[in-house]
Amino acid sequence: MNPANPPRQLQVHRLPMAHPGDLSALADLLDEGRVRAEDVVAVIGKTEGNGGVNDFTRGYFTQSLMHLLGARLGRAPAELQRELPCVLSGGTEGVLSPHYSVFSRAEAAADAPPGPALAIGRAFSAPTPAADIGRWAQVRAVAGAVRAAMADAGIADPAEVRFVQVKGPCVTGARAAAALAAGQSVASADPNRSMALSRAAGAFGVALALGEMADDPALESALLTRFDLWCGRASVSTGVEVEANEVVLLGHSAQWRGPLRMACEPMADAMDLPAVARALARLGLRAAPQLSADDSARVAAALVKCEPDRRGQVRGARHTMLDDTDINAQRHIRAAVGGLVAGTLGDGRLFVSGGAEHQGPDGGGLIAVIAHAA
Amino acid sequence: MNPANPPRQLQVHRLPMAHPGDLSALADLLDEGRVRAEDVVAVIGKTEGNGGVNDFTRGYFTQSLMHLLGARLGRAPAELQRELPCVLSGGTEGVLSPHYSVFSRAEAAADAPPGPALAIGRAFSAPTPAADIGRWAQVRAVAGAVRAAMADAGIADPAEVRFVQVKGPCVTGARAAAALAAGQSVASADPNRSMALSRAAGAFGVALALGEMADDPALESALLTRFDLWCGRASVSTGVEVEANEVVLLGHSAQWRGPLRMACEPMADAMDLPAVARALARLGLRAAPQLSADDSARVAAALVKCEPDRRGQVRGARHTMLDDTDINAQRHIRAAVGGLVAGTLGDGRLFVSGGAEHQGPDGGGLIAVIAHAA
Amino acid sequence: MNPANPPRQLQVHRLPMAHPGDLSALADLLDEGRVRAEDVVAVIGKTEGNGGVNDFTRGYFTQSLMHLLGARLGRAPAELQRELPCVLSGGTEGVLSPHYSVFSRAEAAADAPPGPALAIGRAFSAPTPAADIGRWAQVRAVAGAVRAAMADAGIADPAEVRFVQVKGPCVTGARAAAALAAGQSVASADPNRSMALSRAAGAFGVALALGEMADDPALESALLTRFDLWCGRASVSTGVEVEANEVVLLGHSAQWRGPLRMACEPMADAMDLPAVARALARLGLRAAPQLSADDSARVAAALVKCEPDRRGQVRGARHTMLDDTDINAQRHIRAAVGGLVAGTLGDGRLFVSGGAEHQGPDGGGLIAVIAHAA
Amino acid sequence: MNPANPPRQLQVHRLPMAHPGDLSALADLLDEGRVRAEDVVAVIGKTEGNGGVNDFTRGYFTQSLMHLLGARLGRAPAELQRELPCVLSGGTEGVLSPHYSVFSRAEAAADAPPGPALAIGRAFSAPTPAADIGRWAQVRAVAGAVRAAMADAGIADPAEVRFVQVKGPCVTGARAAAALAAGQSVASADPNRSMALSRAAGAFGVALALGEMADDPALESALLTRFDLWCGRASVSTGVEVEANEVVLLGHSAQWRGPLRMACEPMADAMDLPAVARALARLGLRAAPQLSADDSARVAAALVKCEPDRRGQVRGARHTMLDDTDINAQRHIRAAVGGLVAGTLGDGRLFVSGGAEHQGPDGGGLIAVIAHAA
């Protein structure tokens, strides 16, 4: 480490919101000088919408966030939005609580605990044309952005990466039409399938960058078909509002200081409580069966991916999530897995997101936890 | 024990259904002689409706059940329905699986393990007039039926009672009008409030019979107001289709044989995983954090009551269940608590029911488990 | 007409239900001798479910109906169900009212008004194998059943047919697996797409039988693609519970007597109020804009097919039905078109059904009305 | 008219939105100089949320609107929000289309058609304390604001008022607690009932100001009980975000010029198509049964209030809106009445709002139409 690269430190503030336009908790931190607007590198949160196509709580929160930070930084909100990843999952079913985690980084305090400590990096790929979405070109684009985010975080060894959040573009009707007019094809013109393909390509891209998968274009056909291929450290969402693949990467680096550490475990199915306990145990937290209040207070953030099992059963018993015309299947599974993890941590402030294709075992998903070292 | 009272044995069969009209699993048991129609004393199940006023899966299942048993017994389905308690909770949110538990009792097999063992009793109060619903008269009527069910089960000591399921009547518009025409008043003419009052009176009635509460009519005003008063062994539902209070009671009795035992624990809130572990521990089952496959196989049935916390928070974090216009609050809480308990037991075949007023701590509820002794 | 074929008369009773298991209105008619059980040839109704895959109100009503008629006829309910078409649409959104129309036929009363009058016929195709569903073979099978139903109704001229209700089978997971195991392919293994294909094939089959379409297997590729091809007298639904194509056909025949007449008009879109007025005008009923009470009383039944416009707009204005994660698009459109037609007729007892592919113009559907001649 | 009061002219622009944050259509009008930001006096619109407590599309749109106009006017969005009425109804069920109507006023163009023409006025009452909400004090406060809005509009004769939109405050939990702490009582601490009471008081307030009701405090007890008392020109909504009663009033005045005219008719029930036709006829528009394209183009805006009949029937037929646990009753009725009115006008860009207590006949509501004179 040379003097030009002083050690850095990551801060994570998990904040409540009274409604999707309420950024007052962050405004208070900024006012108090506890967080500087220029240090904010990413925001990941849960808003209380339905999590579907017509969930506008994500847009409302994002607009409010960008107005707040834009005013503090003297920058146009729309411009800031193209630089600052804001990953939101709609739907606070059951005991899940609307909240957002603000990730900020700065030069480490002189008295910060020595590293290796949790590091954060971010990167954007070039805009992904509609013709590339859900194809190997997107897999490579994501992989490139993941490698750039590793460099940004100061992490050289893929084994030190703990969790990669990707937000990828999808094929909208307009984009599909433009591609076809330009003589190109799209992997799917159906928006829902395109979103699933983009998530799948994102998961493969993370696997590629982390050395878990070969750069073999023949694997393109495995997207959404070979569910035995998955990455246990990838969490991917899609949005019509993005054109590039946005990456937020977390892992351990000797260049960083501070008390934060992270662990991530694949979940075999929606009842995989042992996986939750394993992730916690890696951080010195004991679920027996629930964290003590002291241990619960050490948790800085928890992120979960899950999926209603497409085979219609969990451990041999029929579930009804996929055939429910009243409640979307993703809302069902978030409520159930959210209830399980919240009960284990004793806390409902969890990022629980559906759409877990290739992000953990088929029918399961993964859990990642950030905690203060004991 | 005299020769006229040979020891009895309870059997619990937890059966799957493909849809609310599918009684084929029970029909098979009857065909195979594993259960005799005349031995069936109660059915408790979860059907895949919405659990609300317009949930007709309960009526559909009940009609199908009564037609099946009526045909085997040579009795009219409508008549049988007035004798055989069939308690259904609609809503198999998240990982919950549609199923029903058939409780049957018969003379114990010669080689049955000696008791004390789990016993079952049932009783019906006289029809409760609309003017009595949600008032102390109903509390006393329920208490009387609980005492009768104890006698039916051969349980003398209230301490040996483990779990009491009550199904009470409510004030429909027609019943309210009739009462008013007769110069009587009703506690509430609002159907939803009347149902809550009936559940509250049911819980107080169980507490009264079990010696946990005094027979003090002044406590009528505590119904739905003093949530510090609760019974940790009462589970109450209401139905427009019943006129009397129906009681199914489970507890330990020396007059019964067999391997079944039961434990019940109050849950302090929707994240009370330790309460689940305690109930299991009382039966020699270890959740560390999840039951082993062997222990899970020992579980014969599990029953849970829960409630979206009316104060809008769980452990200090805001929840959104009560303000959701899209999904009923009871569906939210069943999904979350169902996910928690299913993950602990490794099984989604759980009876999880909302409307837990006075049935366990405010904002929480209770969990009851029936298991085979080791 | 020879003495062996005395003139017949159709009766239509439109009856209320208090819930999906309530057949008391029909039981009363049977008790009073106003309808004979053996004369009932078809039932078409609306039940108050969600109209989706997990709508069990249809099964509940059907079971209740078959038990009632089975008891009167001394026949097994399951056997009767294979002979008596019972076409139900779930979902009584908005002002739609749960009801069912009982179609019965018998020898005409001596004083019945002379014909030609409204006639009814029914027929079942042979069971349609999974490999045929959504293919030309199904189109031909439906056409054959329509011709048989015309013969049953005593209608020779296709121009005299007013309305054909078809209930077709679909490819379930089990049927798809069986077909594949037998070395056959299926048009789609996706249940929802299979249902749409079956409806499309049903509409083409009606068009074929009525001489509106050529028997050209090359048109198989037009199913769900060429929405400019449609039949304005076909109403098709699908059900997992049927294996054959069931047909109920209504039209005018000189062999029938009585006051009933029928008219059917295609609707260009969900706002096509003029089409409703045209259908009424054909029956001498004047919507100006609403039927008078006298005219409204002349209406015996009204049946509507409709569809949320797949292009996302109605008359140039964006609608939000297709992107709503909270309410299924079919529920939206039934409520809206139901409100329009109910307001015109002054009556909410309407059969309004979605899934109108090729059953009327793209984005629209059709309306059929049965009324007493003035 | 003196030179200090030159004639004014009202403009109404009905604009589409692609999502609740999309104000681009208004931005375009401002950019093109067709509307001046300082002339905008009110916005009334429909956003695509669920219309319930957790509908955040209203807040999202409002924030976006205030940011747009604030930037043009050099004013703080929060400040502007306290001056500019923005009345939104969430829920574009069925064929309803998300849109907003911008009301602006300016000096009349020299060549504007002579009046009397449609005029607009607005006013705010003083903040209404929680203790006054749903009581006669609020009725008087609303009446005062209505009179002020009449003066603002230049309308002296109440008979010339056509439509009054009120947005009133409600009792939130926090406000109730504060009132109780101050030794005051509240009419209801239940938020939903408080909102209904506030709407009722708003309707009475309009009736009072328009001379349709006496200023008799004894009528306070008629709020939500005497549904035979109603005002056919009042449309009231409530919002937790307002503290005063906001009034937007429309009527005819000789001080205004331009082509716009307005008519308003009470609707007897959800099927009152004749009332729609009467309102149109007053403006020279003929629904026979549907407006011609030319007549439809003359309509500038249409506003409807409606309500699911609390007696459970419409014209003698049972509806299921009030007992549906899956879909809120207000969503049902908006879809149905919206479908009816849209079909009559041939246009889905309608403001259709529920919660019509005392705003038109019990179980019905009202319809108001703004159109260009022929």
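Every chain is named by a letter (A, B, C and D) in the order it is written, and numbering of its residues begins at 1.
Everything below uses one rule, namely that contacts are C-beta pairs under 8 Å (C-beta built on N, C-alpha and C of every residue); 3 or more make two chains touch, one makes a residue touch a chain.
Just so it is clear, the structure is predicted and the values come from calculations on it, not from any experiment.
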{"item": "Winner on C-beta contact pairs when A-D is weighed against A-B", "value": "A-B"}
{"item": "Reference subunit B; chain at largest CA-centroid distance", "value": "D"}
{"item": "Intercentroid distance (Cα basis), subunit B paired with subunit A, Å", "value": "41"}
{"item": "Mean-CA-position distance for subunit D and subunit B (Å)", "value": "48"}
{"item": "Separation of mean Cα positions, subunit D and subunit A [Å, integer]", "value": "42"}
{"item": "Contacts with 2+ other chains: residues of subunit A", "value": "48, 50, 54, 320, 326"}
{"item": "For the subunit B and subunit A complex, residues of the former touching the latter", "value": "16, 18, 48, 50, 92-99, 270-274, 276-277, 287-290, 314-315, 317-321, 326-327, 331-333, 335-340, 342-344, 346-349"}
{"item": "Of all residues in subunit A, those that touch subunit D in their complex", "value": "19-21, 48-49, 54, 56-57, 59-60, 63-64, 67, 326"}
{"item": "Parts of subunit B lying in touch with subunit D, wherever the complex brings them together", "value": "50-55, 320, 323-326, 328"}
